[in-house]
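Shared chain: chain A. Partners: chain B in the first complex, chain C in the second.
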Partner chain A sequence: MISESIITIKGLTKDFPVGSGYFRALNEVNLEFGRGEFAGLIGPSGSGKTTLLNIIGSLDTPTKGEVIVLGKDISHLNSQESASLRKEKLGFIFQSYNLLPVYTVYENVEFPLLLLNLPETERKKMVMEALEWVGLTQKVKSRPSMLSGGECQRVAIARAMVKKPIIVLADEPTANLDAENSHHILRTMATLNQELNTTFIFATHDEKVISYLKRRITLADGSLVSA
Partner chain B sequence: MIRFLFKGLLRDRQRSLLPVIIVASGVFLTVFLHSWLTGVMQDGIELNARFITGHMKIMTRAYSLDKDQLPNDLAITGSNELTDSLNSRFQEAGWYQRIRFGGLIDVSGSNGETRAQGPVFGIGIDLISGNREEIKRLNLETSVKSGHLPRKAGEILISNEFANKLKVRVGDKVTLIGSTMNGAMAMYNFTIAGTVEFGTSSLDRGTILTDLIDAQAALDMEDACSEIVGYQKTGYYDDELASGIEDCFNELYSKEDDEFSPVMSRLSEDNQMAQLLAYSGKFSGIMIAVFILAMSVVLWNAGLLGGLRRYGEFGLRLAMGESKGQIYRSQFYESVMVGIIGTIAGTILGLAASWYVETYGINLGGIMKNATMMFPSTFHARITPAAFYIGFIPGLVSTVLGTMLSGIGIYKRKTSQLFKELEA
Partner chain C sequence: MLSIKLAYKNLIGAGLRTWLNVFVLSLAFVIIIWHKGMLDGWDHQAKSDMIAWECGGGQYWNDKYDPNDLFTLEESHGILPQTLKELETKKEATSILISQGSIYPEGRMQSVLLKGIDPDQQILDIPSTKLKTAGSEIQVLIGEYMAKTNRLKKGDVFSMRWRTSNGAFDAADAVVAGIFKTNVPTVDAAQLWLPIETLRQMLDMPDESTILVTRQISENHPEAKGWKFQNLSILLSDVDKMIQAKSISGSILWLILMMLAMLAIFDTQVLSIFRRQKEIGTCIALGMTKGQVIRLFTIEGAMHSIFAMIVALLWGTPLLYLQAVKGITMPGDKNTYGITIADVLYPSYSLGLVASTCIIVFITTAIVSYLPSRKIAGMNPTEAIRGKIK
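Entry: the complex of A and B
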């Protein structure tokens, strides 16, 4: 069923220290993701969606088990290696957009390319292309404070997509948006998924998002219910 | 990338303007306080120099060995000529004869009987020749509490407290009983022209100020004086200059085998003054250190808060693939930039304010109602070379250190934790 496995999770357990003991946020999770998937982690609040997404994004490490992302074992990356994995291969989209307020739309989208040390002409081409995907070429000079919530999230999508990452991790990307805007950005992401074969992994409990997903992974209390 | 960060720095006033203002204020205060304290200390030294040691002082060898006894039998003779040649040879300073003497002041009643009597310390200085240098130097004008400055021969100033003790007033006649240069008894009548306050109890207890010529007449010291004091024309004591003049003078005028030959010493050779110099250096050093420390804590905190405020941004940048080291370094560069700009601005402002107070002084006459000779009401700052670099300690070092310390938080926190700040 899966053409080319790019994420392999085996026996993943994550404990958070709480007081003198610990809290088990993820319990023996086994999962695999292939190239070009449009998948979502769904489940009630506290079920471990964000925790799992963070570990896939090498922002956190497993307590036990094995997580291989694009051939890299997350448990054994040092901070520089995990940074370069994120820089080159991963894109993030957040519930609260997290645009840098002092920079323009253009600069916000350009930021990941600066980290990759790409030359200016190439950056410009890529930024404009990404803004075209999300339909914001008219707003290059605007600051985030001048944009609507939907527009902000579209900038965030452009920022995540501009370097054409292999995997995009999106944690509740529609939580702050109304229905119309939610559908707009979901359509945009579905299109990009098709055109660029980018793997999208969502964490969500929004029905609108769930309806777009091609694969639904249900978590409850840190355990996989269905994949 | 650097340009990108710099752009952000400039646009985010909370990150640039505000810290620069905080740093500049701290540095301004440090520089100004330093100059102020140096000025106050210098003023203290100058005050002593004005009354007692001079910047340089000439006595006879024998007198200098026993100077606490005021041995006027060992005074400098031919002092007018010596003073003239000093004034022409060492023009970097002004030279003034003074006589110090001890004795008794006797106040007689209407029938000639003694009404009151008390031991007195007297200083004979140039008061009525028309040259007002000494009057200005001793701040006499503003220290007069009643009456006026002596205007003609035979008029003296008397310390206020002493006058009260003797129950004499302006216009009263008193008799000085002392000894002449030759050891004979001297009696001389003076009229009290005014009372003054010295501001130091040892002098206020019983001191008179007479004109130099009067003192010479009273003590039979024509063309003689206890000491010739020299004051550098800059108004401030410069040890190097003093030392040069001293060596030159002693070479020319002083003979080791002649105890009546004059010998020069300079301010820093006086035991008490040497102590005061050392003490004032230490004191202002400690004050400045404490202040710098306090400023450092403030700027440190500012650096810390500036860093904490941006944990969200750091989280995002980490997610975008910057390493913690990169973020830490960019924070470092940013704080260096803020520190340098703030320090330069603060130093310039501090020097400007110090210069103003050095040139014009701050008159605290309103607060300190009683100006006295030893405690004038105008204070001056003094800019020393240290004022140019001292601000860099709180301005640059503390700012950068504060930022670096807050930056450790970047390392200490798990990436996911920083990341969480994004969601907040």
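Entry: the complex of A and C
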């Protein structure tokens, strides 16, 4: 089933310092993800889904164990290297969209391409293509404050997808959306997964999301229940 | 390049707050330049007036002459050596003989300095040709201030008393041959100008001089025994000291303005880093390093100064230009300033002044913007993304 492993997690443990001791958010997690998966971390609140997603995204580091993402050992990346990994290969989608408020829809989607120093003509082509995927070509000049929650999340998906990353990490992408909008963005992501072979990893406890997943990974109290 | 573009968008996006900061900063800008320009203009005007009316291209002083010590004045004169005499015959210099005396206009007594000058001299702006008027009384020239304080008019006659070389007192009547207007108080207040030959006869000091004023821009300053050459930087050092003192006292105003502007920018930075932590976290998730984000925020803050320069240019240029052309009318009695000052002051704004002000303001703003931005380095991106940092 797993074609080509792009994420390998071995014996991952994550402790957070709490008071004088620590809190174990992840405990001896072993996992592997292949190219083109549409997978989700599911489990109750506090089970460690976000923590795991952040470590895969090199926004956080393991306390113990090994996490290899696209051949890079997350524990041993300096800030420069982890920034380029995110810049070039990873896309993020957040629960509260996290669009840059002073930028237009177009500029928000263009942002990751600016970081990659792509020339203007190429950027324009890619931004318009990404906005087409999410059906927002009519709103290029709008600012986030003028958009609905569903539209904001679609902009965020376009921003995550515009550079055609290998992996997209989505933490509760539907938590702030109604059913109709949730289905809309999930269908969009499922299509992109099919067409571009992008790996999607979700963290969620939303039944609607779970129903779209091709692989469900259950966490409980920081440990893997089933993969 | 990217940071500049992003910073620009962020600043414009921040709206009113940006423009308030920019306005205060532009105010500081214009006031710094105006204040410095006025002092530079004053400095320039005071020096050129002093050169024209008093200093020439430098002066030779009799070795014993000390302008701050009136008691030695009676000994500090002598006959010019040959080398200096030559300068005078070639019209490269002119002698001045100085002595003490008193005048009695309307019966009141006033101590004055008697200054003998060649009526034909063309080294100084003092209108000495007016001394060539014929008459039975001694012809004297005075400045406007002197005329005003002693209520003297052209043609007024008053008696004058002085001591001759052998110590005896002598007296004669003098007539005001002319009143001149000058910005240089040291040739005006309590100064009485008369033909040098007349003064030499009065004092019984044939051919003698106290100082020799050389022509402006003349480089010909030979050594002369018994006489020391005083160059312009010595003669004008009082102006330098004065301008320096004024510069320090005046700086307080723009220092306060500058501090206000910096405080506003610092505050904006602190607030924006706190409020925009979600944005900071997002930028990091999208692949910026913390260093890049710090740079972005620093540039954003420093850009206030660029905006301020443009805004200052817009409203400051016409204002400063107008002042440079029309001048600033100095209030009150100019002699109370105690130093050369014109009725109308023309500020001078040099490119160097504007450029150095720009650089100073830019660097200060950059530092003030950088300091709070360093906080970003300590942020945990996963918490910043959710805006959870308190």
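Criterion: the second predicted complex is superposed on the first by the 227 of 227 C-alpha atoms of A that agree within 3 Å, B and C clash if a C-alpha of one lies under 4 Å from a C-alpha of the other, contacts with A are read in each partner's own complex, and residues count from 1 in each chain.
In the analysis below, a residue touches a chain if its C-beta (ideal position, glycine included) is under 8 Å from a C-beta of that chain, and two chains touch if they have at least 3 such contacts.
Given the structure is predicted, the values throughout are model-derived calculations rather than measurements.
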When chain B and chain C are modelled together on chain A, clash or fit: clash
Partner chain in contact with A:G57 - chain B first, chain C second, else both or neither: both
Touching partner for A:K87 - first (chain B), second (chain C), both, neither: both
Region of chain C that runs into chain B when the structures are aligned on their shared chain, from 41-49, 59-67, 77-85 or 221-229: 59-67
Set intersection of chain A contacts, chain C complex versus chain B complex: 54, 57, 59-60, 79-80, 83-84, 86-88, 90, 92, 94-96, 98, 100-103, 107, 111-112, 114-115, 117
Complex contacts: residues of chain A adjacent to chain C: 50, 54, 57, 59-60, 79-80, 83-84, 86-88, 90, 92, 94-96, 98, 100-103, 107, 111-112, 114-115, 117, 159
Chain C residues within the chain A interface of the complex: 2, 5-6, 9-10, 12-14, 278-279, 281-282, 284-292, 381-382, 385-387
Interfacial residue positions of chain B with respect to chain A in the complex: 1, 4, 7-8, 11-12, 312-313, 316, 318-326, 414-416, 419, 422-423
Chain B-touching residues of chain A, taken from the complex the two chains share: 54, 57, 59-60, 79-80, 82-88, 90, 92, 94-96, 98, 100-103, 107, 110-112, 114-115, 117, 171
